[in-house]
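Listed below are the structures to be examined.
Below, chain A partners chain B and then partners chain C, in two separate complexes.
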Partner chain A sequence: MTVDAMRRLPSGDRRPVVLAISLLALGGLALCALRFGLRPTGWGDVWRAFGVFDAGNAEQVVIRAIRLPRLLGAVLAGGALGMAGALMQGMTRNPLADPGLLGVNAGASMGVVLCILLLGVTDPAAFVWVSLGGALIASLLVFLLGGGNKANPARLILAGAAVSALCLALGRAILLVSQQTLDVYRFWVLGGFDGIDLGQIRTLLPFFGAGTIAALAASFWLNALMLGDDAARGLGVRVGAAQALIGLAIVILCGATVAMAGPIAFVGLIVPHLARRVAGADMRWLVLLSASIGALLMVAADLLGRLALFGGNMQAGVMAALVGGPILIWLVRRNGVGAS
Partner chain B sequence: MILRLATLSVPVSGRALRSACALGLCAAAVALLALWVGHYPLALAQLFPAIAGDLGDVAQMVVRDHRLPRILCALGVGAGFGMAGAIFQTLLRNPLASPDVIGFNGGASCGALLAIILTGGHVVAGALLGGLASAALVIGLAWRDGLQPYRLILVGIGASLTLSALGDLLMSRMDVLTAADMAKWLIGTLASRDWQDVALIWGGLAVLGPVVLWASFPLARLSMSDDVTTGLGLALTPLRLGLSAIGVGLVALAVSVAGPLPFVAFVSGPIARCITGGGRPAIGAAALVGALVVTLADLAARMVPLVHLPAGVFTALIGAPVLMWLLVVQFRKGRF
Partner chain C sequence: MTQSARLVAQGITVSFGQRPVLKDLDVALPTGQLTAIIGPNASGKSTLLRALARLQPVASGQVVLDGKAIHRQGSRAVARKLAILPQSPTAPEGLSVRDLVIRGRTPHQSVLRQWSGADAHAVEQALAATGLAALADRPLDALSGGQRQRAWIAMALAQDTDILLLDEPTTYLDLPHQIELLSLVRALNRDTGRTVATVLHDINLAARFADTILAVRDGAVCLQGPPEQVITEASIQQVFSLPCRVIKDPVHGTPHVIPL
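Let's turn to the complex of A and B:
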């Protein structure tokens, strides 16, 4: 189907097409991510690594033990951040909101810093639980300050920004004072998908699963919430419960991502804006499309960071911003601003 | 209550006036405290003799040439950031908006880094050029039959994220020592400012201040919808363009003296609105809150023993708890 033919369809019909295209592109990129890398491998190696695996073959081991976990990590993180960003911007009705606004990223960073400083932990595997705990505590604090289940978006935003800034500033002060903490922390915060193994992904997979289910369920209510609290109540939605569910989904998705790959700032902010160009105001489609586009952007950024840049590694989050920022500006300029 | 001056009359709410006076007194008290305490011990009564030079050269140097310019810089920088934040938050109708949104900070840090890499110096000039260029770029890219807040925000997000990613990229290509130096500048500090800086910031404020005062009247109407504003007879596009230029000018001024102190521009607006009450954009109160926050942050940076932390670390440590406390208080009173 040509692009022109697609445009003539009513907008409701464009969404499945875009979703399918983005999933296909994700599949293609995933194959590329397995195929290309520092060590030269061929398509045959990729095929054999999953068909007739030979543990003695270095190429196949690289594909299965290094590139596959990395790919899975990027897909999970990108999808989770995309969904969380869409939910966050929908719940607060603010295009500047990113999933870190609930204090998740800052809380996780703070947890890791305190854990290194006070307990002397240096094993990255232990950081998974510490950062999840920090994320939970910080977002609870934000929710309480934001007015509990009577939260109103403006208040929640201010509370989130205040808690995040406080955690980040405390963390930065500790890092400036304690050289040893900085030494361990800076590798965690660079994070990315470098040191991921399949075991870590298996540990966190239940969290991603639960978060995805919660996000998809919440997106049905979000359509009503977007009309304003009173209208939503009139439509029979229990606003407090809906907001709690959305908050829970965001915390689980972001917490698991932070635990896996460190704080990745930009993806959750950009992706929903990209998805909204297609999805319009329907939050169910927005969440789905944000997940697929987020995963696509993340895998592409990770691949680009591995291949293109000076032979060294670049944070996937930074790469995603380098790629996603100009795309966002181009889209805004081309399409003008929708009603969303 | 209505203030009259010749043919000009301005309505002022009593609470806004009272809280502005209280904020001003607080800022003055903190400034005096900052002048008094420090590693060189002085009694409070000795302050003015010390400035006049009656207590010998050392005391005069410490108070007049070290503490006083630093404090005056902090007050001016804070006022600049506070006003800029309040302007952008009202202009874009978004409590999360701050000069970062328009790409200024991202461009400034990129410009500073580029200046260091290419010429080995000229950090401030590079930052100013980078910031102004990126702000102009964002406004230009968002322009389409006028300037619409939502589009400006989206283009600003895209640009500032890309620019700060570019900054990270540049930072990772530098050698460690320069990177560490730059990291300190990028947080923002007020250490060792002299009278030249004071003249720069206060001279700039003296020029921009009256403009801001004049702009605050149409700004208050911008919080209404586009149709209402147009109906009131205001030309939206020139107004938005002019206000953005004023905001960017204020930030450029403050950044050139103290570096991009984080969080001040963001936090001053909400705190000022909580204190003065009502929905009007409290630009004057925001300036006072900003001055107070930066002066306190700099005082804290000076007083923490053993280590030298830049003031930028403390702006959030001081501003964030105040904002949280205000949120709790306001919630109890049933506002929000």
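Let's turn to the complex of A and C:
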């Protein structure tokens, strides 16, 4: 009933309402993510963990040292993937574009595989820099193959597909021959927030921050770019510079996410579609709403994954796809996809 | 060219690969007038308009806006003086007329300062001038072809520039809508003294609505002047290789071309 009432308002009025609702829901879900888990804890423990923290209390330590980083990681990853997906779909004018198309995920995976194989690293915390480096190198390669400063979105996607395929094939070949590498990699590639700590988040926070600022700034230019390159130039937008900023925002956001939590599929593809139903054709709202809805979906997926298997702990990346798949089907059936 | 022209092309040459499209072309847009650029297909008329709007890089020569080379001026600063409606712009699905017109304010805004009273005023004025105020909240894809083209012109108007360039704005419109659109364009020129240049296919409509005809053939300007002087049987033969008779339009008094 509330939803129907909201539909009747002009869409300009609905956007702040939906943003506020999604942020409130995120706040509520965040409290649940701190409260519920394998070890039974109460609301009082959550309250005390942040009010009068007692380092000797196991419940409070679990909340602060395990559940909090996990929650922050999910918020950052979901928000970043949502924004990156919105930018990617806007820049390519392709509603099926996924931020991974620029080769970021494949590059990060390659970096991790090589790191395990050559350096024998098994500590997930060390993957942060190699996967970030791999993501940046792969996207640079995609940019150069896509024509350098003559690149256009269609060529970039083709180059991205080629680089991704190459990285994945090489990575698989290595994994086939090295069982030891596979054991470590298998865990990382599922995508999730296990074993994440505040230090990792602190390391990556500047990347998420810079990526978010770039994304919000780019969304303003993207509004003009959506009218076609000529029209955007006529409006005084420097098209090449704007596209470079958008590409940079996508690479930073995805690179930081994959470095933190491994490749997480689907969120970047599906969240902009949900947001677009409310945001309409305004990219500024689309990016904002994609950030909040993405964070919401990711936290929900992580929480569900932790609770559903009674301690079995399903990876958030797997859970996001399990939850996201039916949502995408529902959207397609309601003719929501393609309304870019 | 009697008044000092603000937008001038000085010896510009444009090539697509090996093929030269504009060859050492000189032209000045008469300030405050409505200029129609005509010429056969592939004559370079759209390229000329795009070059004047700095959408088309020139190989040699330069386009000068207000006494300064246009490519030396910031794109945003140029966009506050000169608006262009390209030939086939695209709009994202579901975009409303008002949201489209608002995008015309882009050169007056920045990432940090995205909306002002001047923006709101310019948008409402542009909607009113194009008769779209009642349709402002409708999605663009729900409008007729003529209304949609008016919405694009409203976007260019909201840009609030002294110079307005239109690339074949009447394409895909039926005759009544072509007349309606050109009447609107002429009113915009007359009411505000805006300098307008538009590429047109129809010689007779160009003769009826424009103050100045600019005829392009093979990448060079071959005629420029008022329709009464410029449109003759000999000149149409020269520009379009079309044998014709030219009579005086019995209603408007402008030259009327009848192909033989």
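Observations, loosely collected:
We adopt the following convention: the second predicted complex is superposed on the first by the 325 of 340 C-alpha atoms of A that agree within 3 Å, B and C clash if a C-alpha of one lies under 4 Å from a C-alpha of the other, contacts with A are read in each partner's own complex, and residues count from 1 in each chain.
Please note the rule applied: contacts are C-beta pairs under 8 Å (C-beta built on N, C-alpha and C of every residue); 3 or more make two chains touch, one makes a residue touch a chain.
Just so you know, these numbers come straight off a predicted model, no measurement behind them.
Room for both chain B and chain C is found when the two structures are superposed via chain A, with no clash between them.
When the two structures are aligned on the shared chain, A:Ala281 is found in touch with chain C, with no touch to chain B. In the superposed model, more residues of chain A are touched by B than by the other of chain B and chain C.
After overlaying the two complexes on the shared chain, residue contacts for A:Leu24 are found with neither chain B nor chain C. In the superposition on chain A, A:Leu235 contacts chain C only, with no contact to chain B. Looking at the shared chain after the overlay, A:Leu38 reaches neither chain B nor chain C.
In the overlay built on the shared chain, the residue A:Leu307 is in contact with neither chain B nor chain C. Geometry note, superposition on chain A: angle between chain B and chain C about the Cα centre of chain A is 80 degrees, to the nearest 10. In the overlay built on the shared chain, the residue A:Leu227 is in contact with chain C alone; chain B does not reach it. Closest contact between chain B and chain C, by C-alpha atoms in the overlaid model: 9 Å. Those residues of chain C whose C-beta lies close enough to touch chain A in the complex are 50, 53-55, 74-80, 83-96, 99-100, 103-104, 106-107, 109, 111, 114, 137, 156, 159. Chain contact summary for the complex, chain B toward chain A: residues 94-97, 101, 141-142, 144, 148, 150-151, 153-155, 157-159, 161-162, 164-166, 168-169, 172-173, 187, 262-263, 266-267, 270, 307, 309, 313-317, 319-321, 323-324, 327-328, 331, 336. Residues of chain A touching chain B in their complex: 94-97, 145-147, 152, 154-155, 157-159, 161-163, 165-166, 168-170, 172-173, 176-177, 266, 269-270, 273, 310, 312, 314-315, 318-319, 321-322, 324-329, 332-333, 336-337. Across the interface of their complex, chain C is touched by residues 10, 93, 216-217, 220-221, 223-224, 226-228, 230-231, 233-238, 280-282, 284, 338-340 of chain A.
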